[in-house]
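Residue numbering begins at 1 within each chain, and the chains themselves are lettered A, B and C in the order written.
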Amino acid sequence: MALFLPALVVLIVTTSAPLVYLAWTSLERIDLSMPWLSGFAGAGNYLQMGADPRFWHSLWLTLIYTVSTVVLQVLLGLGLALLVLRIPKGQGILRVAAILPIVLAPVVVGLFWRTLVLAPDVGLVDVVTRALGLPSYNWLGDPKLALLSVIAIHTWQWTPFAFLVMLASLSSLPPDVFEAARIDRASAWQRFRYITLPLIRPAIVIVVIMRTMIALSAFAAIFAATGGGPGTATEILNLYAYRTSFSELNLGYGAALAMVLLAITLAVSFVMFRARRAR
Amino acid sequence: MANAGRVSMRGIVKRHGSFTALHGIDLDIAPGEFFALLGPSGSGKTTTLRILAGLEPLDAGQVMLDGVDVTAREPGERDVAMVFQSYALYPHMTVYENIAFPLRMVGTAKGETDRAVKDAAAKVHIDHLLARRPGELSGGQQQRCALARAIVRKPRLFLLDEPLSNLDAKLRLETRVELRKLQRALGVTAVYVTHDQEEAMTIADRVAVFMDGRIVQVGRPQDIFARPATSVVAAFIGSPPMNLLPADLRDGELRVAGVPLPAPRMAGRDGPITLGVRPAALRIAERGLPARVYLVENLGDTTIVDLDVAGQVIKLRTEQAPNVREGDHVHVAFAPEAMHVFDPATGQRREG
Amino acid sequence: MTGKRLRTVVLVAIAAVLLAIWAFPVLWALLTSFKTERDVLAYPPTVIFTPTLRNYADVLFGSASLLPNLLSSVIVAGVSTFVTLLLAIPAAYALARLELPAKRASGFYVLATQMLPPVGLIIPYYLVLQKVGMLDTYTGLIVIYLTFSLPFAIWLLVSYFEDIPREMEEAALLDRAGRFRALWYVILPQVRGGIAVTTIFVFLNAWNEFLFAVVLGGNRVRPVTVAMFNYISVEQTLWAKLAAGAMLAMAPVILLGLIAQRHIVKGLTVGAVKGGGRRA
């Protein structure tokens, strides 16, 4: 007990206590740009949210962003892992390449994409589209494309994670099961559907859970690439809470937004862990 | 005597939640004895050993070593050494460091440690492997390393938890003999857990048979073999174990499946009994119990014949190849003194 | 026969494309960092050019030198990693081994703290640190880094401790080591690999952290991630310089990633099975 206590105390002090304070803050009006208005607001911040189209917009973006990035990561990661498993040589070098995006700071990834990859005229993507005779797109400046771009950035950075986990999971499957299935006249698709998939299901579930949590709190890459813009085109809830708190200095309302995000995160993780245990 | 090693356990109770693993164990082991705890898995023998080592807290009872109550003492303060089933060798240390570890922990001088380690290693013939790591040893060598680590400190009590179960059959037989010799040479008390009745019977001075968290019989191997205390013990000991048949005693006459047996008139209450006969005591004869040959297993020097007696399979063991074939109808007989009689309700042995 | 060969060719081609997609932005940045600003803007992009170290010299010793930021990052990431391990190792051991009251609940609590969205933590931290005048201090930043590194480290380490058979400790106890020395001589040497993996991950996460650093840092404490972000707002068009700065800022983690790639893959999968890993 004496061994666990220090860490437990630190965790309570550094994580749980601030959350209580966050909850309290969310009930207050703290606007550093108009400090004379500060005071207790009760449920005011939460009531304000209902009539705040920007909040609903950010909630909608959060949903799109989370679902699309997680689905893309899992599908691409699994597909790539299945492919790479069949390559007789060179798995090692692919693994190294896959690690590169993972170790990079998301903020730097956002910057790379904003400048070297997606910038008009000189970015890599534009170079390619121009070489193909297509028009030049403003990937981060056009509101529709911007959302697509930040989803692509996130997927680029984190698909290797899903890929590596799936690859490790696939390589650890016992080969005799597949041999038995072949003898039992299962086709390649049937082997995948009835053997591979159920066996790596735990890995998939865990990847989904972890990646969902990350996507919900994604910040730095979007912040660096678009800052939430243009306008509010890529402003997921996380960014909205940040901008409200630290750009507009309305910390009370920001805290309320953060509380909503916290509630969503906990609810989603609770549901997912329940679903995981149910099987 | 510093290294006496007298063990006495009184009323040991161990519960895991609502499940009672040990229902009040009493056990006395004399100094220098090689004592086996024998029983099927889950019978409580390993738990008893672990309580003796101090690794498992107990719910009631008392553990005495050389007349001193050690119930509340830490494992390290009991002066006992243990060989684990998995050996539990420290993988990051060499064989030398593994063996030296128990001495190092009490601050033994370097020179003395060195002598003791080499001496212990030589006793188990691994003195040429001292620089290796456990991962580089074969199973048998690992087992010896674990032994050396246990004997290096000259403990008063030597605990072995199924130490041979991870060895292949041939090595197991060899090591069994060596273990016995080693224990004799060291003169240390040894408590040995095994589920293999043959192992216990061949290696131990005395055996305690465990069933469902109780000790059902304690004695010398030959005594347990000759006079099993219950029908369960009878069915556990011997290979193949004793045949048990339902029988009836009426007016001093014994009937199995309706056939009267040529037994001497037996005393005792009339009513059903359980009759036990060792496979080797059975023989095929002109008269006796009618039986049908079910299967003949030829093991080379001996033959086991499975016989169907009134719907129940019994085994007969013989060293002469019997002239029977599967499906034959025969009669089996046995000498009256080879009979064991048990109470069918309680399983207790009845003396006739 | 040819069908099989064709399949292999296709597979290898796909793998090569993958490799390119993942490695290219980094390699491209590396290439760009050696170009002059004029070469950067050339169209079509030049692959052959006269490499220059000007950008690196500028970034390191110019007016907006990255050196203090690198130092900041080293201090923040180094100290928070050290403190994290100091707390996490005994805690993980306790969770994995000892009979703790409410052990399951404790484990779940650790897991839950790992799920908290950082933006929810940053607001109270900002308010409190502002009140006590500790914005832009190393202490403030290191403390908030514990909020993500400590749960993660405990969770990762628990799985390594659990891999060690209980009998190891029991043997050590019988060998008169006592609980503390059993941990020190027998258990810890065997989880060295796990501790290494944990150290790498905690350090990586701390080095790459941005949100906490940008809000709680300032002029004195400004890790490289924040400095990189500021670069683009200040020197928007100087891409070669930006690339050089980014390469420098990311050099430690890229090197760590390449050197310890095996460990990282293992850590990812262990973390995945146990549910660890978070990055903002």
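As a convention for this text, a contact is a pair of C-beta atoms (placed from the backbone, for glycine too) under 8 Å apart; a residue touches a chain by one contact, two chains touch by 3 or more.
Bear in mind the structure is a predicted one, so any value in this text is a computation, not a measurement.
Taken as a contact graph, the chains are arranged in an open line, each linked only to its neighbours along the path. Measuring from the average of all protein CA coordinates, the nearest chain centre is that of C. Chain centres here are Cα means. That of chain B falls 55 Å from that of chain C. Mean C-alpha positions place chain A and chain B at a centre distance of 60 Å.
Centroids built from CA atoms put chain C at 17 Å from chain A. Shared interface positions of chain B, i.e. residues touching 2 or more other chains, are not present.
Interface of chain A with chain C (complex): residues 1, 3-4, 6-8, 10-11, 14-16, 18-19, 21-22, 25, 30, 80, 83-84, 86-88, 90, 93-108, 111-117, 121-122, 124, 127, 131, 156, 160-161, 164-165, 168-169, 202-203, 206-207, 209-210, 213-214, 216-220, 223-224, 238, 241-242, 245-246, 251, 254-255, 258-259, 261-262, 265-266, 269.
Taken in their complex, chain C has these residues touching chain B: 165, 167-168, 170-178, 181, 185-186, 189-190, 192. Chain contact summary for the complex, chain B toward chain C: residues 53-55, 74-77, 80-82, 84-86, 88, 90-92, 101-102, 105-106, 149, 153. Listing the residues of chain C that touch chain A in their complex gives 8, 11-12, 14-15, 18-19, 21-26, 28-29, 32, 40-41, 43-45, 87-88, 90-91, 93-95, 98, 100-101, 106, 109-110, 112-113, 115-128, 143-144, 146-147, 150-151, 154, 204, 207-211, 215, 225, 228-229, 231-232, 239, 242-243, 246, 249-250, 253-254, 256-258, 261, 264-265, 268-269, 272-273, 275-280.
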